[in-house]
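Heads up, the next two complexes both have subunit A, just with different partners, subunit B and then subunit C.
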Partner chain A sequence: MTFFLQLVVSGLINGCLYALLAVGIAMIFKATQIVNFAQGELFMLGAYVHFLGMLTALRLPFLPALALSLAAAAVTAALAERLVCRPLLGAPIVSVVIATIGVSFILKGGVRLVWGSVPLPFRPLFETRTVMLGGLVVSTQGLVIICTGLGLLGLLYVFFQFTKLGKMMRATSENRTAAVLMGINVKRMFSLAWALSAVLAAVGGILIGPLVQLEPEMGIILIAAFAALIIGGGFGNLAGAAVGGMLLGVVENLVSGYISTALQSLTPFVLIVVVLAIRPTGLFGRGEVYRSHLVS
Partner chain B sequence: MLPVTGAGLVLLLPHVLAPYWLFIANLALIYAVAAVGLNIILGFSGQFSLAHAAFYALGAYTTALLTIKLGAPFWLSLPAGAVTATVIGALVAIPALRLGGLFLAMATFAFNQTVEWILLQWVGLTSGPDGLPVPRPALGAFVFASDVSLYYLALVVASALILAASRITRSRIGRTLIAVRDSSVAARSLGVDVERYRIVAFVLSAFYAGVAGGLYANVVLFLFPAMSGLLQVTLFLLMVIIGGLGSVAGAVWGAVVLTGVSEVIRSFKALQEVVYGVLLVLFIVFMPHGIGPGLRTAVGRLRERVRSRGLEPWGLPVTAGKPRPEDPADGQR
Partner chain C sequence: MKNRASAIGAACLVVLALLVGPAAAQERTGVSDDTILIGGFAAMSGPLSVYANHQGAMMAYEEINDKGGIHGRKVKYLFEDTGGEPAKAVAAVKKLVHTDGVFLIHGGGAAVESRGVRPFVVEAKIPWVVLQAVGTDLARPFSPYVFQPNLTQHTAGEVAADFSMELAKNKRIAIVRPNDEWGREVHEATARRLKEKHGVEAVTVEYLEHTATDATAQVLKVKAANPDVILVFQLIKAASLFWRTAYDHGIRLPMIGQTGAMVRAELMRDGVGGCAPLDYIYTVTNTVHTVEHPYWAEWNEKFKKKFPLFAQQPGQPASTWMNQIGSARIVIEGLQRAGKDLTREKFIAALESFREFNNGVNNSPSTFSSTNHFGTAGAQVVSYKGCKMQNQGKFYPSSRPSH
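And now, the complex of A and B:
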């Protein structure tokens, strides 16, 4: 039993990261009907800017590096939205998605050009210690990830439920025409959605710290984000996206613990197939799937 | 006259080209097959499948492994590789096509990356990241020892498949696919079994990708897991987009152009990524129907401007100001 709980808790660590990415993608989709294939690269960019800000000649302390990273991600996303997605506003979804794939390559290649392909080791944010939590072992890094992740998601909830800006964004997602008629600057809402989700992705990249290496291929985590969205039915539903992410993290870890570590990487894909075959709307999807751009 | 000279040129090509360019020509033939296949699923059938590179790599590795491990001759291993890719394509198509649209994109994307991961990790079978060298194809005693002979091999296979694609797309199947693409609801109301035709398109494109992969194995003689990667998918996407979706000829010369481009920037992965990314974005935004229509639109617009305003805007004497009958559609005239 303890082994199971241990796996669950450790799984939540990755799960929070997946949740952050998935919620970001869901946010963009909700506001603009676009699935952003460049989200993984925004994640990667956040990690690179933060850690290189701290490690290279700049020698920035933690907070300025963090700020720089979030700003870089937000600006990149806003630029991508303005330069690539805005001109494609009326175009078929396929075109826009292909465009975001193009953006993801520009970002990946750009990072590779500047910093090379060789993976760089992260420097941990602080010394890794472990903590005993009711009989379970958790690393401090893991605790930070879970707390930050949940905290951010909570903040996001508050933002959307209670702030004017959040409500404006929700209005834009629900009915773009009505939002325009109400005087909402819809284009600014688009940029905001992209910038906000880029910030989420960048935070994820920063949090993943000592768990992986810094390399241009980090964006591969996108598959996990997609799996999280499909599992949780998160395309119309940010909460579903978050839950899907946590669930994916936990299931992955259970697979690794009970079946085989090697097969852990196959979990996202297997889950995508299983969920699409059995219950395409996912756990919390509201049947919107069949009416949206996700289905032809 | 023109087709004859064209055919003659193509047949004589290997004897006039320098070895490096001959290699590129071979690559172009292989990519043309793959691009035509992608066009069938993306252009004619309108389904957003991102798994093309996976089938291409599966065909390649299957062909190679059959030759290496079982000693199968290329004229067996190549079709076998293609068939394997096709079967896997069918297995993927059946669950995936129930949803289509962006879900298909995400699911095929995940499938594609998973195949690459498997090719990378199963080192015992595929030699993983080191790559897999392939023995030269042989027909009985005749070994395809030179690039020239390989060119003819590739040419025979490629022309057969491209011609077949041309035929298929002009046939009833092609028209049905286009109908399904443009409006699945309307097609269904006309009695078309939409699901079946979508599966047919998917499976057909997987077959083409598999053949292209098998050809690659036998012509380039070296395989690597990144053949199934997203970069390869992007390259294929670019070929059909630049050439124009829904045009077999477009896919072919899109492949030729992009093979050239890819070879030029071959050694710098970072550069490849940036260039392909930029090209993808530029074409999708400005010329989503390919260079042909894109140029035609641009030229048409230019012509319209000259006709309506003379050549003054460019500082040239007004020679185009011929009196024309009043045309209410002309705007301020």
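And now, the complex of A and C:
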């Protein structure tokens, strides 16, 4: 039982990171119908700016470094939306995809130019590395990831359900024309969606930094985030993205632990196939399914 | 009659010149009275650039140029960035050979980009001394043009196996590696050595990808197998993740990595979360002195002056930089032995004359022959006890890879 629970807890740590990234992607898609392929690089940028703030030239305490990092991610995302994606509204989807991929390359290249490609260790934030929870070994940082991840997702729910700004963002994503008619500044909502999404990604990067080493290729975690979205119920489903992410993290670990560690990297793809075979719209998707009558 | 004989003689001379001329010219391509052109390639950008920069080789060639060159000729090292991509590596080498007309290729920072270059080099009949890539397959099958002077995965695996058996009281060895060609190669060499020399098989083999963000499953399964020693054949990021997680889960066993995980002690300390886990960590090394040793102090200073931006990056110069210096010194010695009347054939013969050549950098002296172009047959081990990189001193001979 300890073995099972240990795998579940460490799976939840990864799952919370996947969820933060996936929810961010879903938020942008819901608002603007754009799939942001640079989300992984915003995750990476958050970690690097925090590293810069705390550990190198600036030597800032934790909170100012955090604020700097989140601000950098938010501004970068807002600029990407304003300068790269907004001009492409209405353009073919391929153009938009390529544009966001271009943004990801620019961010990666920029980080590599400044910090190089050597994996950079990020010292843990806590002196105590692990805590024992009922016989389970849990890293202090891992505990912070779970609490922060769940807390942020909860805050997001409250934001969208109960705040005026959140409702305005929801209105924009539900019906852009109606939102305009209601006097909502739709373009500002786009920028806000991107900025908020970047903040979620940056938080993920800062949280994982002490557990893995920073490198410009960190954004590859995006693959898991996309898998989480598909499993959860599609690119516009925030709740599905959150649950999909956490489920993916746990299942990855259980597969590694009980079947083979060689299958860990395959798990997201196998899970996608299994979930879509059972429920084609994803776990929480609500779209219609059109079956081809050409193949019976 | 006389005129006819003269005409036939002249025609024969022309034909002979046409046949011999291009071949002779090709043999000396890249060589002038005062210059030898050497072509290099590696990833100066992209994710592989961390391992595959060329500054060490460049500095070694500058050193020999400052001393007067090789038989009065200065070395000009032309370098192309591959971005770590095989297609770009092939394009780079084609440019170096056809456009720049280099005499030989001294390139290849990583095996993944270098594999595609081999068929072209063999077809073009141009000598290629691998810069620092560790792939054993780069020199397989045998080609007279390809030389692999570096510590290969084959050698690293055998040395790790032999060292692990010194520490393993109950001969229980666990292996952790990525599920790719790089991991497979070192694993196979280790498994073969453990079985043939020590009569032992690994108690478990677990897989951890280079991009993993969690190693809990791997650690728990290794722990459950109850090994004495864990061989962690990973690059530094995944190796640090495993070592840190293993320590957090109470594993206090010797853990041996290979050169891909060898970084300066301060980076290692930060990567595993402190000095305490370092007491259990070892890495295989192919250099006599660690990069932190006073032997490299002067070189470190030169490096900082020559590459100020690069030197500011944490961990630079990395251990890979020493490997490049070592392989450049092998090229230089080969060029010196080939003599003033330099041709590709003579250069190849010169390299094949190496018997235990000591380049002052690598702990395994280089030996090549007309039937074996793998230069390295053994290595040493570095420990990180007390947060200090220290070569353990003992040399572990390995078998020379075959073609």
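Note that in this section the second predicted complex is superposed on the first by the 274 of 296 C-alpha atoms of A that agree within 3 Å, B and C clash if a C-alpha of one lies under 4 Å from a C-alpha of the other, contacts with A are read in each partner's own complex, and residues count from 1 in each chain.
Just so it is clear, contacts are C-beta pairs under 8 Å (C-beta built on N, C-alpha and C of every residue); 3 or more make two chains touch, one makes a residue touch a chain.
As the structure is a computational prediction, the values presented were derived from the model and not from experiment.
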- request: Considering only touches as defined above, state whether A:Ser10 meets subunit B (first), subunit C (second), both or neither.
  value: second
- request: Figure out whether A:Pro280 sits in contact with subunit B (first) or subunit C (second), or with both, or with neither.
  value: first
Message: Per the contact definition in the header, classify A:Met189: touching subunit B only (first), subunit C only (second), both, or neither.
response: neither
Task: Scan A:Ile101 for contacts with subunit B and subunit C and give back first, second, both or neither.
output: first
- prompt: Looking at the overlay, what does A:Pro268 touch: subunit B (first), subunit C (second), both, or neither?
  reply: first
- prompt: First (subunit B), second (subunit C), both or neither: which does A:Ala31 touch?
  reply: neither
- prompt: Touch check for A:Ile231: first (subunit B), second (subunit C), both, or neither?
  reply: neither
- prompt: Is A:Leu88 in contact with subunit B, with subunit C, with both, or with neither (first, second, both, neither)?
  reply: first
Query: In the superposed arrangement, does A:Arg112 touch subunit B (first), subunit C (second), both or neither?
result: both
Message: Using the superposition on chain A as set up above, list the residues of subunit A that contact both subunit B and subunit C.
response: 109, 112, 117, 216, 220, 262, 265
- prompt: What residues of subunit A sit close enough to touch subunit B in their complex?
  reply: 35, 37, 84, 87-88, 91, 93-99, 101-110, 112-113, 117, 216, 220, 223, 226-227, 230, 262, 265-266, 268-269, 272-273, 276-277, 280, 289, 293-296
Field: subunit B residues within the subunit A interface of the complex
entry: 46-48, 95-96, 98-107, 109-111, 113-114, 117, 121, 184, 230-231, 234, 237, 241, 269-281, 284-285, 288
Message: For the complex, give me every residue of subunit C touching subunit A.
response: 45-50, 179, 206-209, 211-214, 216-218, 220-221, 224, 236-237, 240-241, 244, 248-250, 263, 267, 269-271, 273-274, 310, 313-316, 318
- line: Per the touch rule above, subunit A residues touching subunit C in the complex are 3, 6-7, 10-11, 13-14, 17, 109, 112, 115-124, 129-130, 137, 139, 208, 210-213, 215-217, 220-221, 253, 256-257, 260-262, 264-265
